[in-house]
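Note that the chains take the letters A, B, C, D and E in the order they are written out, and that residue 1 is the start of every chain.
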Amino acid sequence: MIPLSWYMVLAAILFSVGIYGFLVRRNIIIMFLSLELMLNAVNLNLVAMSHYLDSLRGHTFTFFIITVAAAEAAIGLGLVIVLFRNKKTVYVDHINELKG
Amino acid sequence: MTIPILSLLIFFPVLGGVILLGISKENVKNIRVVALVISLLEFVFTLPLWFSFDKTTHHMQFVERHNWISLFNIEYYLGLDGISILFVLLSALITILCVLVSWNSIQTKVKEFFISLLLLEGAMIGVFCALDFFLFYIFWEAMLIPMFLLIGVWGGPNRIYAATKFFLYTLVGSLLMLVGIIILYMKGGNTFDILALAEQSYPIKLQLMLFWGFFAAFAVKVPMWPVHTWLPDAHTEAPAAGSVVLAAILIKMGAYGFLRFSMPILPDATSAMMIPMIVLSLIGIVYGGIICLAQTDLKRLIAYSSVSHMGFVTLGIFALNTQSVEGGILQMINHGVVTGALFLGIGMIYERTHTRVISDYGGLASRMPVFASFFLLFTLASVGLPGTSGFVGEFLILLGSFMTRPWVAFIAASGLILGAWYMLWLYQRIFFNAVNTRWDGIKRLDTREIITFLPMVILVFWIGLFPNTMLSYMHVSVAHLLEQVTGNPEGVASGVQFAAGHAVDAAVHGAQYGHKISH
Amino acid sequence: MPTYLLLIPFLPLFSFAFTFLFGKRLGVRSHWLPIVTVLISLSCSIYAFFQVKNGHHVNMDLYTWISSGAMTVSVGFLLDELTSVMLIVVTSISSLVHIYSVGYMKGEAGYYRFFSYLSLFTFSMLMLVLGNNFLQLFFGWEAVGLSSYLLIGFYYEKVSAADAGKKAFIVNRIGDFGFILGLFLIYASFGTLHYEPIFAHVDQIANQTFTMLGVTLNLPTAIALLLFCGAMGKSAQLPLHVWLPDAMEGPTPVSALIHAATMVTAGVFLVARCNPIFELSMTALNVITIVGSITCLFAATIALTQTDIKRVVAYSTISQLAYMFIACGVGAYSAGVFHLFTHAYFKALLFLGCGSIILAMHHEQDVKYMGGLKKYMPITYWTFLLASLSISGVPGFAGFFSKDEILAMAFVSPVGAGKFAWFIGTLVAGITAFYSFRLFFLIFHGEFRGTQKQKDHLRESPKVVTVPLMLLAVGAVGAGMFGIPAVLGGNANWGHFLEPVLGHPQVLPSHATEIILMIISVCAGAFGIFLAWKMYLKTPELPQKIRDRYPKFYKLSLNKYYVDEIYEASIIKSMLSFSRYVILNFFDIALIDTIVNGIPRIIGRVSGIMRKVQDGLVSHYLAYMGGGVVFILILMYARS
Amino acid sequence: MNMNMTFTMPALNPIMPEILLVCMAIILIFVDLFYPRNRELLSRLTLLAAIGIIALLFNQKPAVTFGTMFIVDPYAIFFKVICLLGLLMTALLSGQYLKVEKISQGEYYSLMLFSVVGMMIMVSAGDLIVVYLGLELMALSIYCLVGLLKNDPRANEASLKYFLMGGFSSALLLFGISLLYGMTGTTDLAGIARYCTEAGILTNPALLTGFALVLCGFCFKVGAAPFHFWTPDIYQGAPTAITSFMSVAPKAAGFAVLGRFLITAFPDSQDQWGTIIALIALLSMAVGNIIALSQQNIKRMLAYSSIAHVGYALLGILAGTSEGYSATMSYLFIYCFMNMGAFAIVILLCSKGNRRESLDDYKGLAKSNPVAALLMLIFMFSLTGIPPTAGFIGKFYLLKVALAAGYTWTVILAVIFSAISAYFYLRLIRYMYMEEAEEIIVLSYSPGLTAALTLSIIGVVGIGFFPASLLDWAARSLIGL
Amino acid sequence: MLNQLLFFYCALVIVSTALLTVRFKNPVYSILSVLVLFFHMAGLYLLLNAEFLAAIQIIVYAGAILVLYLFVLFLVNLRQEIKVERFIANHRLLTVVSLCIGFCLLAIIPSFKLGAKGNYPVERIEQLTHTKAMGLELYSTFILPFEVAGLILLVAVIGGLVLARNDKEVADNDVSDDSSTGTCEVKK
């Protein structure tokens, strides 16, 4: 039988990889992908836990998270398109007009 | 009290401000007249205080008390005792003179000017009347706003720096005090009632902490050395009226704060901090006196002289015996009158010459003899010539501090020499010596200006010759205060150590001698 | 309460107020009120004198001035022997000077101002002598200081005059510093400032001590010396004498009234008034005697070489005042007061004489340009001669009696410094005679050394000037009559009259010693006069020879021992630079204000740095946030 | 077995305001479709909705529905009122602003309504899932609102930055929730508290980590340091009306959730999070006040000041006492008025083609427009916390509770920081009153703007003089908890 | 045993693909590797017998969201992406930060204790089938979140519309038309 901790370790690693990508990549789309990685890590945690907790809460929560992820993707990508229209770029380090 | 006279005094000027708001800013004449009328009326309203005040009790009088913020049981709680009453009267009087002196000197934003002046008056009177610590703080801070504008909008070339310096300096102090107030509120049984707070006793560590908290606010206002540097700038840049209010009332509030809050509420800390406070005051006296010798700017010189004189005041307050404390209070009034008058005078000549540099003057005595005589009178009063108001206060303070610690008087008395030096030197450089031909055509005093001076002249002689008319208001309250602080209405025991406890048995009933002779 | 007593001070006060306020309109008529009022005061004073003589003393309070806790001081009057004498001196000389000024100040700008100030001075001086407590004494003390400040600086557009006035006030303040501390000590020991109870209990503070900052002092000595500081300031004793010569910048009548006859003697009056306290401290008495003696010699030697006539007289005043202090020091208070009395007249006479000469010379004061005025102004000549004889202690003149009494008392007194004082006194008697007659001869005899223009205008002064001279001459000659010592067949009324106040000197000289001492001092005087005659009439080139012989001494004396220069350099200059460079530039600007303005500046810097963190780069923001997360997590573990 | 349970209809009364608001939002979209020309109507309807809902809220009974997921208590109502006030004022301001900025999307108002719905759901959420969803609803709508000025690269940048950081923070939040869920087996706030105390795992590192991550998520939402980085950029870039909205409503909601999370879920571990909150608060004050000193753009300056004010508001939270929360609540209420007022002036100044967002544009305002200058003066002094303005009352209450909780040094530092803050508020006043105007600005007061200004000045001064009723209300709102 | 092997396989793939995703130069590759990752994630869900979620994972995530990404990626065609630097400047520092966070998250796992058991043991789920169980829960206990999720999607639709549509290009669209009228209204 697989202990819960394995799942949690996996989730933690996945989450930090996501953070890593989110921090270091300059392509916004890739950053979004990293964000999805993080969310997936969370989902994994939740599902695994609720499995071991004999409850469905985690599952349902995962379900909602996926929904929200979809919504976020829609809006985020919309923003990216607008950005591209304005500046012809999708690089995060090109948008530093506001600072100080 | 059938009519709430104190509320009337506080809010009538505010109302006046509102009335002024109504007048169109074009007809400046009316604005001035209305402002004058309002300030005069205000002064008239204060007169009942003077006459119907009961000198035989230390209890608060003309009390008004209503719930305000029941959640913290903050009250709208006003009242006067022998210590505060004189300041209320003085504030009302000074405001009239400020209106008069600003008559022509203020030409821009006249309406706003008089509005801020009246608001300031309301706040000042509020400070002296408030018996609820929270209420006091409200007035104390509210005062900053109009004063900040007075300096910053109508001030001299460097006004913005001065105004900001003044504001921040004071704000830092008062915020620290606020912390102290809140702590006191919680330790003192969730009340802001000053009298109730004074009833309890607090552990000495707490008292010391609070003492320094209050000190931050009051010492800055006084201003005590070394937190005095805002005063010269503020005075120098402020318009005449601003300087007058500043010198006459605002900086008194610091000392008043010590009397009203630090001493009765934190008696042990006060006694423990007596010597440090005295030392600071001494430094202030000497330092202020010496630094005046190096001043080249009229207003700066007077400002530094205020540092020195207020050093006397704080010295008197913290010497903690009857003579010194009463002297301190009287000296506050006197300094308000005299320095206020000096600033009035400076305002008047500045209006004519537009220079504050002392060396630009000279020989004015032959050009404006009347003015010269007035100014001489106030100079002498600030030097502390017997017969003028300046003497009585300083004498009592020195006597009192001598009784507390003889060496203190030795150092402080040197302030008298310095005072004579820089004031007479200043007078000589302005009014004596060869005439500076620039001022040949200088305008003499007109009636309005002479009228502006007269009340001050009267006060100078009145306080100088019949100080008892003022002192008699304080006796009971001061005795009560000292009893709260030292447990003895006479204040701390005499520090003059004779081989045999006292020099002569006459000393014990020496007082009776005085009385026997005088009746 | 006796009205006449109130009239004495308050009439001059009224005339001051009235003349000061309305004098401008009165113009040349503005001298009437002051003169009338001062004359009334004079008559009242004479009346008061006789009241006292008939034993009616007065000690009454007008009203309570200051009352705070146990401290109560009232404005009140004390009329006793000492007061009555002082009243006479003050009012009589004041009235003469008033009248004299009508002539002297004619056509001056601020004529009314002058007379109002004179009245103010008269009022203050009378308050000083009349007060029945120390605080009122102090009031008068400062008030006379004020009036002298105003009158010295009367020609305020002259920088030197304005300076002199200021100097006088400040130097006096230095004295008052001690005085007021003395008052505090008195209050601390007696619990009151009124004369009566103090002198009633004074014996109880004998060899009392009090401790300050661990130093234990003898109480009477401390009080006495502190009070004496005040006296030194007022009466221009070393080292606070510097203001008096400069005070000559004022109009001459002022010099006569304030800086010769009355105000400067206030110090002597103070010591005399407090004699019970001084009596308790041998130290104090010795100090007074020594200070007196030194000043006496010091001033006299300066007077030798001065050429400004008023300055010569001024220095002679200082040395004469020193005589009075010697008297007080050796416990012969009545002698001191006696000398005060006589000196008032002959010194006032000298000054007014100078004034009359200065009038004639059109405000030329340097003796170098005078000479041979005898034939132009006879009255001035004769009166001046009488005054000079009197000051030189020529037998029969007022100065003779008072001075010799002092010397005799000094010789026999138990005070240690007595003998020394006697020696100096006798020496100075000679010097005094010398410089007085030097002045006299230089002015009136020999050839006129001024310009032709001055010569044409030389003439005797008007009546209004000369009449007071003559009246004063009477005083200068006859004032001695009140105190002819027993040895010369007198009955020493003076001493007996003042005994209730000033007590009786412990030791009286035997007649023999007194005679001998007299002869010695007279010889000294005579020798002085002879020397003056020899040097300035007989062989006028002699002084130049001496000058060349002893240039150092000459310079020293001519430059007044450089005292002013020393003060200037050591105190004033250093104080001013201390104030500018140390206090203002270093402490106030460089230290405190740098901190005050520095804190905001530093915060501003920090802000500038911190805003760099907000560099607009999302990834960096995220990194910081991540850092924050880590930080918080670590904190959490720390607290778990 | 549990079929019958399945189809029991939960009580809808408690959630009625939210439902109505959603309906209104949808109505707005249709109105926008069918009456495209009628822009006024939209704002009117929004106002109507806001006022109506506020009225509705005031006579709502405390209740719990959807299991324990939706809680209506005075606490929630108080915060909902703040959010709706924010909505109300923004709606008032928007009329003029949209004209000037040529924002024509009809979705503007409906998105605002949706975000408010999200806030209201957050505020009364009793379950972390609902909290998360409400938060996302709010956040997504605001992302769109910020990016509404599509042709303005700055707005676009702002929205994108907000989106990225928001996504990051909610990821953290979710991970934290997952941990909490794993440790306690539930996401119900009350349940968490119950289990923690039963199992005695209050100091378990894993639990604390989860807690900390959730805390970070919320701190991001309220914009407390070190999660404040979005604030200045977004405030500056976003349309000013939205900025004003964001500076009040979402903050309030965030605080509501934070408060509920701490009170309901972790009441017993105050000594764990007290210090941390204190540090966060101090850091926020420091960052906000100090950086604001060197700002030249008013919106940016107000952004930093808002960070600082979050710091102050946190002083009430760290006490962990109900009095503390009521202090924070009343402060947020007051803050709504003074900040809205300030932004109203900013909007008032901005004109076609020239937004006048630089401080220099305020020079000599007192001469050309004394009224506007006076109002700004009062708002600035209120933000500084000078009596007799409302700002002082709020600050005083916060300091008091923090001291009562024994955080003396925190309070002293807070006081010093607020003294520093005086400097940049004063600077604006100096510009308005003591400098000479570079250009004479002619202002046009639209009725909506006038109303907003009147409302906020009444709030600032009125509460300044008569704070009693507000404070009592805030105190009463906590009796439920 | 088999489960464990399966887990290890999935875990391995997930981690490696995740790393690849964030390292790939070409975003298209990244997306594809994420696709792989999602599939294996679904596999894990199956291991945890959450078949419904597994399905959703594949349908929604892989099917919908990733495709959306791809579309956008091609919309903003970036040839130069291949050439330019992938990582923002000084990314090493940021790496450290992420490592720290990862460490923190891993460090606490040992002290993790499982919470209170719920009322859905595995066998009950199997008996109900996961889908039905989820359905029951969603429509009873989680009805409110469910509704809110709906709202979120609605907002997403509106927001996407608002953001994505280009006012200038489609002039005859009534929205843009009203926007233009809006502007002209402003003008007059």
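Methods note: contacts are C-beta pairs under 8 Å (C-beta built on N, C-alpha and C of every residue); 3 or more make two chains touch, one makes a residue touch a chain.
Predicted model only: the values in this text are computed from it and were never measured.
Contact with both chain A and chain E is made by C, D. Shared contact partners of chain A and chain C comprise D, E. Ranked by how close its mean Cα position lies to the mean of all protein Cα atoms, the top chain is B. Comparing chain pairs C-D and C-E, the larger number of C-beta contacts belongs to C-D. Chain centres were defined as the mean of their Cα atoms; on that basis the chain farthest from chain E turns out to be C. Greatest centre-to-centre distance from chain D is found for C, with centres as Cα means.
In whole angstrom, the spacing between the mean C-alpha positions of chain B and chain E is 71. The centroid of the Cα atoms in chain A and the matching centroid in chain B are 67 Å apart.
A straight line joining the Cα centres of chain A and chain D is 26 Å long.
Between the Cα centres of chain B and chain C there is a gap of 36 Å.
Among the residues of chain E, those touching two or more other chains are numbered 88, 91, 94, 97-98, 101, 104-105, 109, 112, 114-118, 141-142, 145, 149, 152, 155-156, 159, 162-163. For chain B, residues touching at least two other chains, in rising order: 168. Multi-chain contact residues of chain A (touching two or more other chains) are listed as 4, 8, 15, 18-19, 22-24, 26, 32, 49-50, 53, 55, 57, 60, 64, 68, 71-72, 75, 79-80, 82, 85, 92-93, 95, 97-100. In this structure, the chains touch in the following pairs: A-C, A-D, A-E, B-C, B-D, C-D, C-E, D-E. Considering their complex, residues 88, 91, 93-94, 97-98, 100-101, 104 of chain E touch chain C.
Those residues of chain A whose C-beta lies close enough to touch chain C in the complex are 19, 22-24, 26, 92-93, 95-100.
By the touch criterion given at the top, residues 129, 132-133, 136, 140, 143-144, 147, 150-151, 153-154, 156-161, 163-164, 167-168, 171, 174-175, 177-179, 181-182, 185-187, 232-233, 236-237, 295, 300 of chain D touch chain A in their complex. Residues 3-4, 7, 11, 14-15, 18-19, 21-22, 27, 30-31, 34, 37-38, 41, 44-45, 47-50, 52-53, 56-57, 60-61, 64-65, 68-69, 72-73, 75-76, 78, 81, 84-89, 91, 94-95, 97-99, 101-102, 105-106, 109-110, 112, 114-122, 125, 130, 133-134, 137-138, 141-142, 145-146, 149, 152-153, 155-157, 159-160, 162-164, 166 of chain E are the ones touching chain A in the complex.
Contacts from chain A toward chain E in the complex involve residues 1-2, 4-10, 12-21, 23-27, 29-30, 32-34, 36-37, 40, 43-44, 47-57, 59-60, 62-64, 66-75, 77-82, 84-85, 90-93.
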